[in-house]
Structures are given as C-alpha cells and as structure tokens.
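Read from first to last, the chains carry the letters A, B, C and D; within each, the first residue is number 1.
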C-alpha cells in the first residue's frame, strides 16, 4: 500500500520552502490579491480514503477547472451531438487562438480552450432552465456539499475585463456556433469560472472521472465510454499549451486553472487536487505541476 | 486632351452588357436587395470638369470607402501620433485577420482593415464632440453637399450582424488599443459605413487627395506629406487582399467598399468613382475593377 | 480472461468485408502498388501469449512507426539532452508544419512530426558508428529476428520524391538544429522509414513500451520514466493531426505509418499491431483505427 | 529645375555624419567585411543628366535588387504566363514566409520574396541557353557596361550558407512549381544575387523602368503595360516587410538589397540609387531609406 500521507506531507513542506513560487495571475484584480504562500494538496483514493496536507481545505477560484464539469454535464445531456460543435484536438498553437477559430470556421479546437468552453456554456444555456442555478446544483450534488457557491465579485471582475472572451464569443456568433445571446452565455461562463472550491471538494467532484462515471454515493452520471473520452481530453488538452509537457512529466489526465488549482486522476486508483496560486509562464500552477510530477515519481504510477 | 466622356460611355455600355456581374454582398440584409444591374461612373478632373455615365447620380452605401475619410479627418486632428496605434503595412494574409492582431499585440496592420478602421473610429470618438454629426458635417463640407446622410436602416442592419466587428473591437480593447466603450465606437463605425453617396459626391470628397489636400473651394485640409501618405496607403492596402492586384492592373491609389463602390485617383489629374454592386471573390466590385483597368489602359496613364 | 483471439478474428472478418477501405498512399510510387485488401492484426500480451489474424505475418513498410524506435534508441543514448533539440507538444496545426518550425526557431514541436524525426535521425548520425547498420541491429535485437531489413527500393523512392523532407532538413540546418550534412541525415531517415516488418515483428519490438523498458528476453533498454515519456508522446502526438481523435476514441498510446500500419499498447497488459494499407484523410490507416477502437470497446480497457 | 546635385551632396554629407548607421548583414561572411562608412548616391534624370555624390562609383553586391532584373528578363520572354507561377500580392506576414507557401500550395506571394525569385530563376533556367552568361549579358547590355561581373566568392558564400533558400526551393519542388533541379536553379539564383554593380550602373539598368521600357540607347525591352506592372510590384513588395513603410515615407517604386543598395524611380523623371551597407531591423539600408525620404521631401515629388 502506498504511503500517500507521507508523500504529500513531504511535498507540502518542500513547496512551502520553495523560493520561486511563480507569479499570481493579475489579469483579474480579484485574483491578484491571493497570498502566494498558500499550498494545499488532497488525495481521495478508490476506497474513499482521504489524505490531506497544507491548505487543502481553503477555497479558491477554480477557473478553467470548471470546464471539465460543464463538459461532463453537457455531454451527459446531449451526448455525441456535442462533437459537432467542438473538436477534440490539442490546440498546439501558443500564439493565435482566435486565428485557429478563423481557419477552422468557428469550430473550437477542443472544449478546454476558452472558445470551446464558451460553446459548451452555450449548450448548457440552451438546455438548462436556470443555467447558473442548475450547474451549481450539479456540483453540489457531485460533491455532496451544498456550501459551494459562486464568488460574485470574481464573476463581476471577469466580466469587466473579459474582452478576449467577448471577442471569442462574437467570433463564434459570426460563424453561427453560438445560439444564445453573447451576454447570456458569457454571464454563465464568467460565473462557472468564479466558483470557489477547496482541494477536497475538487477531488470529490472529479471522483466520477476515476470511477467509471459513478460518484461516491453510487449515482451514475456518465457511461464508461464518455469517461474515457473526457479523460483523454484532459490528458491531451488540459494544460493550455503545456498539455504535452504535463502528459510527458506527470502522465495523468488533469486540468488546471489560473486560480492556481490542478486536479488530476489515475483511473481506478486515486484523484488528487493541488493548489498553489503562483503560475509559470504557460499559466499553470508552478508548484502544483512540480507536486504532481513528484507524486507520480514517488508512487511510480501513471497511466503509462 | 483625353476624351474621358467617350471612354466612360463605352465602359458603361460594356458593363451593362456583361453577363457575369459578380455577386451582391449578402452579409447585411439591407445590402442584399440592391439591383445587380446598376452601373455608374463619374470623373472629376483637375480643372473641375465633370464626366458622368450610367447611374452615377444614384446613391449607394459607401461602406469601407468611408475609412479613407475617417483617416483623413483623424490624421488632420492628431497628426503622426495616429501611427502609434495603427501600422502602415499591407495585411497580406487572406486567412486570419484577427490572428495578425494577436501576433502584433493589438496594433492593426493598416487603417483600412476593419480592426484598423475601428481604431480610427475610436480616435474620432475621443476627439470629436458629436462624432456622428461632426463626421457627417466634414463630408458635407468636403463635397459642398448638405444632402448626404446616414442610412439608419443599414447602420442598424450592420449592428445586428456585425459580430466579427464586435470580436475585433473587443480584441483591441483587450490590448488597450480602444479607449472608448466598444458600443460607442462601433455605433460610430457602423454609421460611417452606412453613409450613402453617389459617384459624383464621392469624387468631390476625394478631390483633396488628388489636389494636395485642398478641396474644390480652396480650403486646405491636409498638407502635401499627409496626402502622399494616405494615397500610398490606398495603393498598398485599399483593396482588401487584392491590393497588389489592383496596383498591378490599374496602377492608381483607390478604395473599394462592399456596397460596390470604388474611388481612385491620378494625382494632379483626375478622380474617378465607379459603382456596380456585384462583387468578385475578394469582395471588390467586379465591374468596377474592370472599368478602372480599362480606363487606365485607354488613357495610357497611371502613377507608374 | 479476455478472448483476444475471438475479438481479433471478428475484427479481421469485418475489415475484409468493409467496402470503403480508404486510399493507399500514393506519394511514393513504391507504396502505391500495395493491395488494398490486406488486413492483419496481432496481439502479444504481458504473458507472452500471441494472437494473430489475417495477414499478420506479411511484411509492409513501417514508415513513421520507425520514429518511435529511433526515439527510443537516441533517448537511451543521450538521455534528457534530447529535449533541448525537440519539444514534446502536439503540433496541433494541420496546415503549416514548416511555419511552426519558423515560429519556434527551429525546435520541432515533437519527435513524431517529420522535422522532429529528422532531428532524432541527426542525433543518431552523430552518435552511432554505422547509423543504418546499428539501427537495424537494434531492431533485430529487440525483436530477436535477424531477417528484418531495409527495402532499398522504397528508400530510393522516398529520396527521389522527398522534397518536403529536404525542405525541413534545410530549414533545421538554417537554425543550427541539424549537425550533420543534410544528405547523410536524410539517407538515414529515408532508410528508417523503409524498414519492412510484419504485425508480429512490430509487437515484439514495441513490447518494451508496455513492459517498463525491458524486452521479452529480459534485457532492459529504457528506465520506467523514459518509457512513461515515450508512451505519453505516442498518445499526444502519435497520429499526425488526429492524435486527439485517437486518444479520444481508442485511448491507447500508439503510432501509425502511411504504409498502413499501427502499433498501440496498454501498459502491463498487451501490445497490438494492425495493418491495412488504405488511409483516411488524415493519413492514418482507416481500418486500423476502426479495429483498435473496436478492440478497446470490446475489451472495455484503455489507459483511461 | 530641381537642384539635384545640391540635394544629394547635402544628403551624402549628412549620411557620413550620422552616428547610427545600422548593422552590416552578417549572414554571409563575404558581406560582413564591408566598411560601414561607405555612402553613395547617384541620380540619372529623363534627359540623361547624371548627378553623383559620395561612393557612387564603388561596386557592391546588389543582392535582391537583382530580382527586378530577372523579373524583367523573364517577363519579356514568357509574358503573362509568368503570373500562373507567382502571385502579385504583398507578403504581409513578417513571421512565416514558408508557411504562406504551404498555405497557398506552392505559389509564392510575389516575385520579390525569395521563394518567388527562385521561381523566376527557374523560368530563366528553362528558357535561357546559358542562364548565368545570358543574364549577365542582359545587364551589360542594359547598362552598356561590359565590366559588370559576378563575384564568385560571394556566390560560393551564399551557396554554403543558403539553407533557407534550399528549404524554399525544395518546398517549391514538392508543389511542382520548380521545373529544373534544385541545384541548377539555386546555382543561378546565388549568382544573380552576387552581381557587383555601383550606384551609377544601377540607375543605368533601371532606366527602362522610368522610361516606358526603353533603355538609354533606344532599345525597347518591355511594353508600357509591363513596366507599369513591375513598378507596381516594386512599390507594393520591394522592401521586404517594410514595403508599406517605404511607399508611405518615400512614395516611389524601388527595390532594396541586403548589400545595402536601394534603387528607386519617379516615372518619366528620374532614377536614383543609394548605397550604405548598414541595415535597419527589417533588412533595408538604414541611411538609404532616410536619403530617399529626404530626396522626395526636398524635391516635393513622389508618384502620389
């Protein structure tokens, strides 16, 4: 049996002692005020054991991690029709995300680049009665935790500075790949990014992806095939322009957010979340990436 | 002395008889209803002689031709500071206009691609008290014609379908190269494109570019150096992705619009406007391009 | 225990009966003559059981599949220094492979695009005494099969028509990322692509990637960490511009070649090779892709 | 009458006194040894008056200026068929010249980017008996000067370091837009760039472009229409990624080379050549650009 607690305690101490912790995201004023010294890590294994270290119970803005959850919800609702509106290939190009959208006639490369997640948000806006409420309830149900909520100040802050997302949504609209009003879709999108969760809540939510689509309480949300696909997308597209690097170094499906969170999982084995607000140049949590590499090296396990 | 009247009468007859007249722009419902058989041409020479043929006195939507006039007005107001916010190079790339904006950090390639014209509109929104009124007055003054007006239905139609322009404006905003609100700037921009003028009014307005910056009534708007620069921009960037072709075939500075209008000029000699609503694949008036090639071939004159 | 034999027999029959078998690669005359009706599949599991169906013992040109083997050999020789000269990110862009090379200063996106494989070939040309002989011996050793050989006619055919590879090699040279002469490197590269193997030989060679770097005879070639990295690269970059699709549909690390071969593996479990010469639009074997999707669906196993 | 001599003497003195003279091209060893303090300027007007200042009679490597002369010769030979193999649009994109070639299926953007000039060289290789000898004779005839010659050391230096040109030629070959062997075409191309001429010889050669295709001795090489087209190409594409800037600042058709030379012309009026080996960031002669801007400002004349 693997000594997860020893490993993550060691990782947490090393992380706290690391001098270069990266740079906190500054493009949203609300995110820029986070304490750079925070570090949390939490593991939930397939037998429902929990291992926690550092600031694992402190909430933070999950940002792009939410894209996996909106994908799961929409995939469950409309099934494979989803792939008519968004592709499943890595974006590859670190330079021109909107240009790819132009070249490919308004079909985003994958559901984890912003344009793709905005299409997913549009699908939910079409199929849910009260998108913001219903999506929050989905997460509360997955985690069995009704305390999870939107941070309205962060959502407002994103809306006020989200010009690139407005650009992407309007470009999608020009190609006919956004069915609802730009304002409605982006209001939902800015809210989904502004959800606050802690590391423990995140592993509870992502438990379904390591457990064939079934949550801890036994409710099934996705079939095995759908889970395979979402995990494949996390592996190939989950870390912006550093997805290859993460697959290469860590070897687990996962997703990062500019709030400093990362969730990753080893199918049938465990789900892990880290939080460290300092980002590297590619926009992923610097210490979180290092922690997960250390974890897979120390345990000797990856999907490969 | 050149028999302009004979030449343009011949051109007008040939144009009316041409079977393949191109395709009317359909992206704005208001433009799609234009009669494809319209053809007008009008020449104003340096001695104030007028030569007219076909539907030269019928108004149409000047669309992108307005970009030369907003450039002239803003250049006159802020001078060379303008070039800190927009470049003077051809866009070259027929594929990814927004991608170039991303690659070049929000500085549009030139003032005649949409993103560049939106920056110019932003400059006018900053420097004019009543941008729409003041710009219209500028044109009325240039042409000595108070009847010129905005077509509000076209402006509204552009606003409702102008998602790519919203995308460009928001992208500019994300780079800090749009100082006013997106809605304010685009309201002005959609109006400038929706001005209605006929061929005769257009040559009156563009007279300053063939006459060292001085209009027919003797008022000076731009210095010789500024006129040189605007003419150079028309030659290198005035015809979307077909600017090289136009310089190559016709050899005059000019500007086209998707309403089917083209204005061109031979410095110190004449200014010419054509109108034929059918466009070629690159978005320029098919018969207008042919007419101007014929004109320069028949007269034997170009800037080269 | 999984009934591999039943599954692959069913797949082989279905494949033979499929009407649309894709299109044989025609860019090399030598490849264009292959019989489109060939179909082979072979599985080698972790307990050294072999399962074979169809034309699994008939040799074909392995083409790009060789890139995994040159990567393994060079990675074993120079270790992580390799990653200074080639990146590990998916190429993403289906349009401009050379343009990415230009944008990224001569560092190929990953070792499986042609430019990347040419850099790997250059590394071997620098470190092996007799590159062609030594590489062939490496494969013979891995497979315990001295009959494997280069098809000189195919190698010559590639050389005569390989202008894009000459372009890539010269571009790499201009960036200082090719240390040997273009002719020497490409001679080796064209030969590595021209190796002939059958499905059974391929799974023998790829056994090390599902077995922690150790071959069937117990010799260790790569450490666990290196195997993880190569498998991650196969998953994210192994199928040209369709890598995301393969990860998504099949969920195994693998590599395809334009000769119609595919090799894939489930770590610790099995290694599988298919051969069907007809390609889909992205250049991957049409029936091979379908066979592997069927295999993972029928067995219910993937890395996710 | 314009006091050309006074103007160019003033320009030559100012240039010699300028401290920041740009940077000498270093990519070819043979070019890197040039004295940065050289400055020459020469004007030939339509009445065959010559005005000379500075080092106007000292020879230098004309490099890309040769592309106008190969274009003129090939255009004269095959006429408009030439435009089936090369386009007439500005390249626009400062980043990816080869990528445009890929996007546009092997048709170079214009005859003045390297790929385009290599296609022109290929045309001459197909139509001339002894391409190198015949092209040199063409220039000697244009200039009435049999002393003009290739610098074989420069040609060899280019060949040894010209990997990007080898990449371009091979890419053209892969698209079927290079009919002769890569080595044959590039041998000619490296020689054409290695021609040595002085400012006076250059204006003699370019006299045809300001004089309707007829040289000083009255022989006609191109018709009026062809001259118009070549001049238009010089204006829109003659200065690498700074063509717009040159049209904007100077307002004359012209062509620069990395040897530090520039030739420009005002149709029917004069032809001017400058030489100053220091280049700006875009690869054009820094003081040459400034000199021509000063010349057109002082004379008050441009094509606009």
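Rule of thumb we're sticking to: a contact is a pair of C-beta atoms (placed from the backbone, for glycine too) under 8 Å apart; a residue touches a chain by one contact, two chains touch by 3 or more.
All values derive from a computational prediction rather than experimental measurement.
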{"item": "Mutual neighbours - chains that touch chain C and chain D alike", "value": "none"}
{"item": "Minimal step count in the chain contact network, chain A to chain C", "value": "1"}
{"item": "Farthest chain relative to chain A (centres taken as mean CA coordinates)", "value": "D"}
{"item": "Matching chain pair for C-D (criterion: over half of the contact pairs shared, by residue number), options B-D, A-C or A-B", "value": "A-B"}
{"item": "Chain centre separation in whole Å, for chain D relative to chain A (CA means)", "value": "55"}
{"item": "Centre-to-centre distance between chain D and chain B (centres being mean Cα positions), rounded to whole Å", "value": "32"}
{"item": "Chain A and chain B: spacing of chain centres that average the CA atoms, whole Å", "value": "47"}
{"item": "Junction residues of chain C - those touching two or more other chains", "value": "95, 103"}
{"item": "Chains that touch, pairwise", "value": "A-B, A-C, B-D, C-D"}
{"item": "Partner chain D, residues of chain C touching it in the complex", "value": "95-99, 102-103, 163-164, 166-168, 170-171, 173-174, 182"}
{"item": "Contacting residues of chain B [partner chain D, same complex]", "value": "87-93, 95, 100, 103, 109-110, 224-225, 227-229, 231-233, 235-237, 241-245, 247-249, 251, 253, 267, 297, 300, 302-304"}
